[in-house]
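Look for chain A in each of the two complexes below; its partner is chain B in the first and chain C in the second.
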Partner chain A sequence: MIALKRVGQAVLVIALAYVLVFLVLAAIPGDPVSAQLENPQAGYSEAEKAQIRSFYGLDKPVLVQLLISIGNALRGDLGISLSTSAPVSSTIGEAIPSTLALAATALVFALLIALILGFASQSLGEGRLGGLVRSLPTVFLSTPNFLIGLVLIQVFAVQLGAFSIIDPETAGSTAFAALTLAIPVSAQIAQVFITALDTTTALDHTEVALSRGLAPVRVFARHLLRPSLLPTVTVCGLVVGELLGGSLITETIFGRAGIGTVVQKAVTSQDVPVLQAAVVLSAAVFVGVNLVIDLVLPLLDPRLRAPREAS
Partner chain B sequence: MTSADTDTRPDAGSTTAGDTEHGTAPLLTVEHLRVTYGERAAAREVVRDVSFSVPAGSTLALIGESGSGKSTIARAVLRLLERRGARVEGSVRLRGREISRLREHALRPLRGRVLGFVPQDPGSALNPVRTIGSQALEAAALVPEARSRAAREALVREGLERAGLTDPERIAASYPHQLSGGQLQRVLIALAIIPGPALLVADEPTSALDVTVQKQILDLLTSLQDELGIGLLLITHDLALAAERSQQVVVLSGGTIQEAGPTAEVFAHPRSEYTRRLQADVPGLHPDRFADLRAARDLGEGGGAPPATAPRVTARDITRTFRSTGGHEIRALHGVSFSIARGTTHALVGESGSGKTTAARALLGLERLDAGALEVDGRTVDPSDPRALRALRRDLQLVHQNPFTSLDPRFTVGRIVREPLDMYRVGDAAAREERVSWALAAVRLDEELLGRRPTALSGGQRQRVAIARALVLRPEVLVLDEPTSALDVTVQAGILEVLVRLQKDLGLTYLFISHDLGVVRQVADTLTVLRRGEVVEEGEAVRVFADPQHEYTQRLLASIPAHVAGAERTTRTQSTGSTGSTASTPGDGILEATA
Partner chain C sequence: MTAAVLTTGDPSGSPEHAPAGAPAQAGSRLRGLRRLPLTVWLSIAVLLLVLAFSLAPGLFTSADPAVGVPDRKFTPPGWQYLLGTDHLGRDLLSRIIHGSASSMTSALIAVAIGVLVGGAIGLVAGYAGGWADAVLGRLVDVLLAIPSFLLAVVVVTALGYDTRNAAIATGVSAVAVFARLMRAEVLRVRTSVFIEAARLNGGSDAYILIRHVLPNAVRPVLSLAVLQFGLAILTIAGLAFLGYGDPPPASDWGLLVADGREHLLHAPWLVIAPGLVIAIVVLSVSRLSRFIDTERNR
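Moving on, here comes the complex of A and B:
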């Protein structure tokens, strides 16, 4: 029941994102088609111009264009790219696997790094080493993405030859690209995770568990970890945006043909249909991931499940 | 005390421990305990040179107000302070064995098995995302004989039953948030006793619970102690409770011992000024504390009009039902009626879930009623008419329960108190300032505090600010929602006195919400006892306290610890006779103090 409602809300958000992107792009003065058509060097006749305009539906009022666009999108037709004349769905579709592999690997790396930092922050205490671990997320966060990528390429690809920069789709190359993307993302997760662990450590039940004679590792696994996962999982949903945004830079540095590259090209050539599809895809991923997280949280925390009468 | 030589032998064998248990050495000995937080210049000493000992099978109570260091001492004994960054000096010996310098892995076998802990707030002392059963199994795993899961489960069942939980299977399958506070505290006691400890450290084990539940939990601890021969280190702020439940007391203030000795002696003849004051401020021991002030009020001596019989506030058959998401109905109020005469105090008494807070919220127009009506001076409280409500609220102000959350931390005291005047646009700036000064003076706060923020104030000062804020509009009626329950007894006594004086001087009418019958007896003229949204008993406070009609009221009254101590003094005389105290019993101490 609640799950159904959440799914409905998610669909609504994606639909609104679609409309919003359409309206914003429509509001930008001088659409890309007109810019090309008015170019005197292109030498289109008035009749040709009118034909091209009507092909793209630009002669109709904006609202009608919107309705047509929505109708087409529902049938799976996302339009034709302005710059390559290929269907948008295939342009995006071809780029998805590469980006998906990159983002998924990066997320796994980020979670591993955050988990290790979290455990270290609790077991190393307040000393110098503990302080170092606690400052790592800030360092990660303030290091530019491209710098990490360039250093990794210089050290591991050029000097050590650990992966090839010529063929970006090999496992090795993907792994290092993912690491580049994972480091700033892991920092955000780790910051929340460490704070949550600190909060849980200060809670009564942790102290009581300790007084019960449990070994520190058990206290961490059974009394610290799960309560601290709640905010951490929530933040994972928010860093998805970071993953998508960061993939643009990472793909450029590592020469990968992914969504990021497609978006970059679409922006420079004002390719509205591609841009629109990419933005809506990002929105859909973001909303989808957060929907899954919302549905998973009650499994982690019984207090979020459907309320049973307290006695 | 004589086994100082064991200090150098931290690994004294368990045989020694067994011998000393039956010998002269006490179960727990604390000597010259000193606890410091922070380094060098910023060092803060929170416990200073504290020594005491707990014999096996007996109870020692550490009494003190917040900040006295009593919980810190409990955690020092449990060795839970190092993780908080505290420095602990001195000696803590358990069955003669020095444990204050044991390494964590050497100490762990003692945790749970010898040294049990019953924490303060049952609501937060269990892991919220795991079932009671899985946490209880951790405690059962400490018992060496219980090797199989079935044996551990049997131990859990037995422990829960012993703690008075009649349905152990259901409890074990529940999550903490599905149980009541009383059930959770029983669970925590069960978890503590399952491994069979020799010493239980109970840190305010009942202060988060309703009075009737409080009594049940204390009875349970006492009976378990008799049954299992456990030594009990009881941390409490409640003097009457200590008097009733302990053989020895240590009175603490500011981290140092003010007084220590057999409970009966300390209460019968308190030697320190601090203990005397503490004792004088316990409401349960001094029902007539404000009798003079209230008599003056009745004669109209304070300047306020003497109480009249005409009602200022009337509640007629008020009913409010909440519906939970599951469609389940909770009757918060069901046909409740009461009236408050002008210039008097009416108490709504009840435990959590009794509907007393819902009634107060309804009177303030914060809660819609399903049926019935509330009137103030003949004006109906109608939440759907914001304009009338706003006019009404000028005469009707609230003092909230918790002064630590009810004041905006970013506002200065001056701004907090002035805010209602700004909202109602009373007078000009100068007039408002004058009003603020008057309100601060009325609650006996220094004007120096005007520029301070709440974080720089003590709990008592904060609650005075909250009262000043309520007073500044010169309302006729104050709704006091548990105004002292978050405060220490001495602070509470000060706040109550301010309230009684204000009533005398200004002719205020109070609706006093409380679960504390000791406080109610001191200040209320009339009262209504609520249980699960229904009126159980009502009438003149004097009559209800002298001659409670309903069984529930009788039970509530019986849970005032001092009351019990008085009633049970003959049995206590016999049981404590062996301590060698000929001076008096705890019960006598209470009665003498009352007389």
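Moving on, here comes the complex of A and C:
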């Protein structure tokens, strides 16, 4: 029952996000179709203009357009791009694999960096080195990701030739793009992870494990990691938003043809249907991932399971 | 957990104690000032310097940010041009200094929108409860569901591209986090004994909200505001980098990096210098925010 209610809430939020984005974008003063039609050199007659406008549904009031758009979206029809006239679903569909590869690789990198920072924070103690490790997440979060991306390109592609900037879809280029995206994201995960580790380290069972003479790596893996995973998994859901939003800049810098680039082109050409679909898709992915994490967490941690009589 | 309990049980929360408690607190804050960590002093120095850049750029550089010396183009950093020159021979340091005001004002506008709009939503939702809470809660859920940078991009697209609108868009994207925090704080304070007492004394809802609920909920919100100021600088720089701010010859920091990007291969300082300036300023703001946070929880 609780799970069903959560799913219902998630669907409602996605639907409302669709409406909100639609209404905000309806405030755009012009659109590419009208700009094209009003261009005197194009030489459309009034009748042709009216016909084309009604084809794109631009002649109706905003609320009617919204209802039509929702109806079409429910049937899986996301409309037609105003700038390329291709179906929005195929424009978005073609871009998904690239962004998925980028975001998934970035998440793996971010988790690895957070794991290393977490282990270092517990084994280096309170000294100068430990303090340095603990301040790294703030440094990562404060550095603009376009700076990280451009420096990586300058150093590794231009000076060392480690990857090619001509072909953005090679493994090397994807890896460095993912690293760009991963650094701020790893910081968010590491902050939560380190706090959770600190809490666990202060517990008695850790002290017992250490006094039994276990090696620090073993204590970390056997006794610290699992109790500290809960908040860490939760924050992994939240960083999906950063991964999707950050892909906009990262894909632009590395020249990748993903969702971020689609968004950027749609913004430049004021292509409302494409922008609408890409943004709502991102929101849906974000909400979906967090819903799954919410539902899965009790499986990871018995302390979260509802008492039997309550369910 | 203990921190939350201590703050709710704090006697200064009661209206009678509040005026007497305030000077004592100010005193302990002044004493604390003398043993600030070195990094906090550095952060304050950086922010004061940027503030000075914004208010009086002419004091720090005599070079014109918009006019270059063509045969001096792409001069690497050195004694004459501390941070080098760009493709038109303009002094990069001067452009960064003259871009401070716009970058700082934008971030301030963004945070102001976040605090005021988000704070108002959270205050009403938390205090009124019921239908208002349900409706505003859904709105906040929706705003949180859209990745914040994408939300900012959508809003700036609808408003039109310039730096002021980029600032407003960044503020809109931050509304939800402020609303959520404010609501949580109001819910925490609302059930306190002194609120009950004020209501028994016949205080109206508006009076209780402004006189008792708001002052008690405001400190964590301010601490978040400092953190969000840093994030707003990053978001606005990102929007400017993508070309959604003022066009050149404006010299917003994000725009400087975007301009320099075309010359990355032979003049990397055009990207690295303004990028590092952004990083250092945001790092200083984050350090201050974390310091305020630990002081508050002490």
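Here are some notes:
The criterion applied here is as follows: the second predicted complex is superposed on the first by the 270 of 311 C-alpha atoms of A that agree within 3 Å, B and C clash if a C-alpha of one lies under 4 Å from a C-alpha of the other, contacts with A are read in each partner's own complex, and residues count from 1 in each chain.
Everything below uses one rule, namely that a contact is a pair of C-beta atoms (placed from the backbone, for glycine too) under 8 Å apart; a residue touches a chain by one contact, two chains touch by 3 or more.
Because the structure is a prediction, the values reported are computed rather than measured.
By the document's definition of touching, neither partner reaches A:Ile92: not chain B, not chain C.
Touched residues of chain A were counted for both chain B and chain C, and C has more of them.
Once chain A of one complex is fitted onto chain A of the other, the partner contacts of A:Ala190 are absent, as it touches neither chain B nor chain C. In the superposition on chain A, contact of A:Gly241 is made with chain C only, not with chain B. Once chain A of one complex is fitted onto chain A of the other, the partner contacts of A:Val263 are limited to chain C, with no touch recorded for chain B. Contact with chain C, but none with chain B, is seen for A:Ala17 once the two complexes are overlaid on the shared chain. In the superposition on chain A, contact is made by A:Glu126 with chain B only, not with chain C.
Of all residues in chain C, only 138-139, 141-143, 145-151, 153-155, 157-160, 230, 234, 237-238, 241-242, 244, 254, 257-258, 261, 264-265, 268, 271-272, 275-276, 278-279, 282-283, 285-287, 290 touch chain A in the complex they form. Those residues of chain B that touch chain A in the complex are listed here as 78, 80, 83, 85, 104, 108-113, 115-117, 119-121, 124-130, 135, 138-139, 142, 175, 177-180, 183, 188, 191, 195, 324-326, 328. Interface residues of chain A facing chain B in the complex, by the touch rule stated above, are 126, 201, 203-205, 207-216, 218, 222-223, 226-227, 300-303, 306-311. Those residues of chain A lying in contact with chain C across their complex are 9, 12-14, 16-17, 20-21, 24-25, 27-29, 138-139, 141-147, 150-151, 153-154, 158, 240-242, 244-246, 248-249, 252-253, 263-264, 267, 270, 275, 279, 282-283, 286-287.
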